[in-house]
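A, B, C and D label the chains in the order they appear, each numbered from 1.
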Amino acid sequence: MSKYNELKRECYEANMQLPQLDLVVYTFGNVSAVDRDAAVFAIKPSGVPYEVLKPEDIVILDYENNVIEGKMRPSSDTRTHSFLYREWPEIGGICHTHSTYAVSWAQAQRDIPIMGTTHADYLTSDIPCAPPMNDELIEGNYEHNTGQQILDCFADKGLDYREVEMVLIGNHGPFTWGKDAGKAVFNSKLLEELGRMACLTLMINPNAPRLKDSLIKKHYERKHGKNAYYGQN
Amino acid sequence: MSKYNELKRECYEANMQLPQLDLVVYTFGNVSAVDRDAAVFAIKPSGVPYEVLKPEDIVILDYENNVIEGKMRPSSDTRTHSFLYREWPEIGGICHTHSTYAVSWAQAQRDIPIMGTTHADYLTSDIPCAPPMNDELIEGNYEHNTGQQILDCFADKGLDYREVEMVLIGNHGPFTWGKDAGKAVFNSKLLEELGRMACLTLMINPNAPRLKDSLIKKHYERKHGKNAYYGQN
Amino acid sequence: MSKYNELKRECYEANMQLPQLDLVVYTFGNVSAVDRDAAVFAIKPSGVPYEVLKPEDIVILDYENNVIEGKMRPSSDTRTHSFLYREWPEIGGICHTHSTYAVSWAQAQRDIPIMGTTHADYLTSDIPCAPPMNDELIEGNYEHNTGQQILDCFADKGLDYREVEMVLIGNHGPFTWGKDAGKAVFNSKLLEELGRMACLTLMINPNAPRLKDSLIKKHYERKHGKNAYYGQN
Amino acid sequence: MSKYNELKRECYEANMQLPQLDLVVYTFGNVSAVDRDAAVFAIKPSGVPYEVLKPEDIVILDYENNVIEGKMRPSSDTRTHSFLYREWPEIGGICHTHSTYAVSWAQAQRDIPIMGTTHADYLTSDIPCAPPMNDELIEGNYEHNTGQQILDCFADKGLDYREVEMVLIGNHGPFTWGKDAGKAVFNSKLLEELGRMACLTLMINPNAPRLKDSLIKKHYERKHGKNAYYGQN
């Protein structure tokens, strides 16, 4: 019995949420989960449909992308995941999908503006859209450079990955993360809903304003501030 | 056995309708039910997913927000509910969601115009959108002031809460109410559908007119007038 | 045992298709079926939710709206149904819904243009939208006059009810009919899909043209002409 | 027992995926599968609802549209299928639907532009929209000429059917194909999703650019190039 069974199970269950939450069709998505003590992460194998995916199919790799356990080839996006695990020590899971509204904003190459309290309950800024890579980077180590593109975007915009747990890659789609794989999936669903609402808001009123700062602050602190009073903890 | 079991059951069942009616994802909503004789109300606990919610988790409070029964923390929106129960003696239940179209209109900061008989079957005016609060109120007792914002909006527009059982809070989302918790949930679904149809109507014809007064009157009286002939009573 | 049991069963089963086909929420729709030999029709009782509707709840009436059998009050739209049965001897069933896209076009007060072969497979003209009634008619026998409004619209536009089995009532919603209640429901679903596609087509290309006459003719005759070669008969 | 049972089964199962994938309502679609050794193909019978379709209902024809086995009339689109099987020796299955977004782009008479990597993962060009036929062709052997229209469109645009496995027929809808019937259905679902995302992208940003060439090349080669590293083979 593998010592990574629990990690594989977490990764498997998070992946299986994607079709249930209408975030993927076919194999258009992948979730990973990290074990910081063992310095390995678990990720979906490449191109395996969710209907046939089993916990034992999950691949275990180290941060340098060496396969530690598993017979299948890991997700083609693996190097983006490992890059982020190396750079961002406090994340526990990563999710990538091609969900409809998130991809549409990414293709539109626009940040999703913060327009309401549903958004402000979880993050205090627009959802950033990283520009498409330049051609040199595309022709290089593409998935590694996708991670670099995310990092550069957060540096340019002065964002902290512990506060903004999601990004759009221009012309591609969303990556989200969080304290564990389940939270990363939650953030993907949240992003999809925020993208849908922002799209409809602009259809109803093309001049709809961003949320004002006082409301941004209030809603975020209600859930995440020192005196937070949302939830049971 | 608690003497509030029946009230908890009503509140629980109304809450469980929200995911079934596609009005919430995760924990983005809450319903309460009031017992006027006992001067208490029942409300969903904060941040508990619908899949694990049980009738005994429902929290009982008095109108001053003191917990009368229940081990969990009540919804973070509790003070808006209690405010409305205090101010509006004839309502029996309140529902708050972040449903897609209702939130989109709230973010657009627009009243949902009355454009058809589906709308007129239930209310004779536009669905009001209260403006976002000023900064002073936001920094104060926010959820209490949300109730005040609703009251002010109804006063400004000359609306009666017994006739218009729904409101949008600008940049936030919908609150609905009714004679009991089930009716409040019905009104949330109705509001979502009316918001969706109004959005599509304006896409098809940006100059689509409001419904004319004679049709507003006719449809409303068909269901609610002295000589109403809809339904079995 | 009632001699109308078979008619009630046809009416019941057609009604129960509405929620399955996503054409109604709550009680926002009704279907009727006629027995031409007995000169009676069966219709859904008013305001009864589909989840609790039973075949024996269906109400039997004559063409003058006298209840022949049934303990419940018939649909509030009954007089529109009876009007059409009297005027149009070749129809066997009628369906009325408040489905999303059909209502949106009705609220936009626009005919749904024929833009593709999906439409032309079933009818050779735009789907007509009758204008809202004048105030005098609204204040009169409203549901009867709704039927008159449909008749006038077909006369004005030179349409034959045996060829165009659907209409939108401006600011209200769709009525559809056919050789039996099942066909009337089919036409409601078809209308909803055609309305959805036409709305999206105009979003993608606001100048999208109507279908040209040669294609309209070809597709309709493929299914309904003398040398039809669609289906098994 | 028929020697075509396996072919019928493949065709049946591919057809049954259409309603599961929300690509058809009623009978608005058909899938065929070819047996190149036997020089026959299997296709859905015309106008049979998916709920009652059985494997033994599938019709077997030769490339000249002669029925080899089967009691039912084959799909009214059969001559388009046989035309493509004759002209394109490397395809194994064909799918035709009236799915919502694909039809909407076809009615808009626009190619679906390549705007993101979801698209580039599968094809390197816009999804072509063939113009509606001229009147002479429409009045002739219509379904045969639909096949000719597809061929002419691919010739005009310099496309290879082995690389671009989908097309829109202006004012009509999509045809897709692939190495077998299952792949043809996959391509129909992919086309629907790409059409939906492109529509939403243009709503969010009417000036959204096409994907740049370097990204088109990179994503396609990741999945299909000499050094492809997607999937398990």
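Convention: a residue touches a chain if its C-beta (ideal position, glycine included) is under 8 Å from a C-beta of that chain, and two chains touch if they have at least 3 such contacts.
Everything numeric in this text was worked out from a predicted model, so none of it was measured.
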TODO: Please indicate which chain is farthest from subunit A, where distance is taken between mean Cα coordinates of the chains.
DONE: C
- [ ] Express in whole angstrom the distance between the two chain centres, defined as the mean CA positions of subunit B and subunit D.
- [x] 46
Open item on the list: On a C-alpha centroid basis, what's the spacing between subunit C and subunit D, in Å?
Closed with: 33
Task: Shared interface positions of subunit A, touching two or more other chains - done: 203
Task: Contact pairs between chains, per stated definition - done: A-B, A-D, B-C, C-D
Task: Contacting residues of subunit C [partner subunit B, same complex] - done: 25-26, 28, 45-48, 72-73, 76, 98, 100-101, 103-110, 132-133, 135, 138-139, 142, 171-173, 199, 202-203
Task: Of all residues in subunit B, those that touch subunit C in their complex - done: 115-118, 186, 189-190, 193, 196-198, 200-201, 203-205, 208-209, 211-212, 214-215, 218, 222-223, 229-232
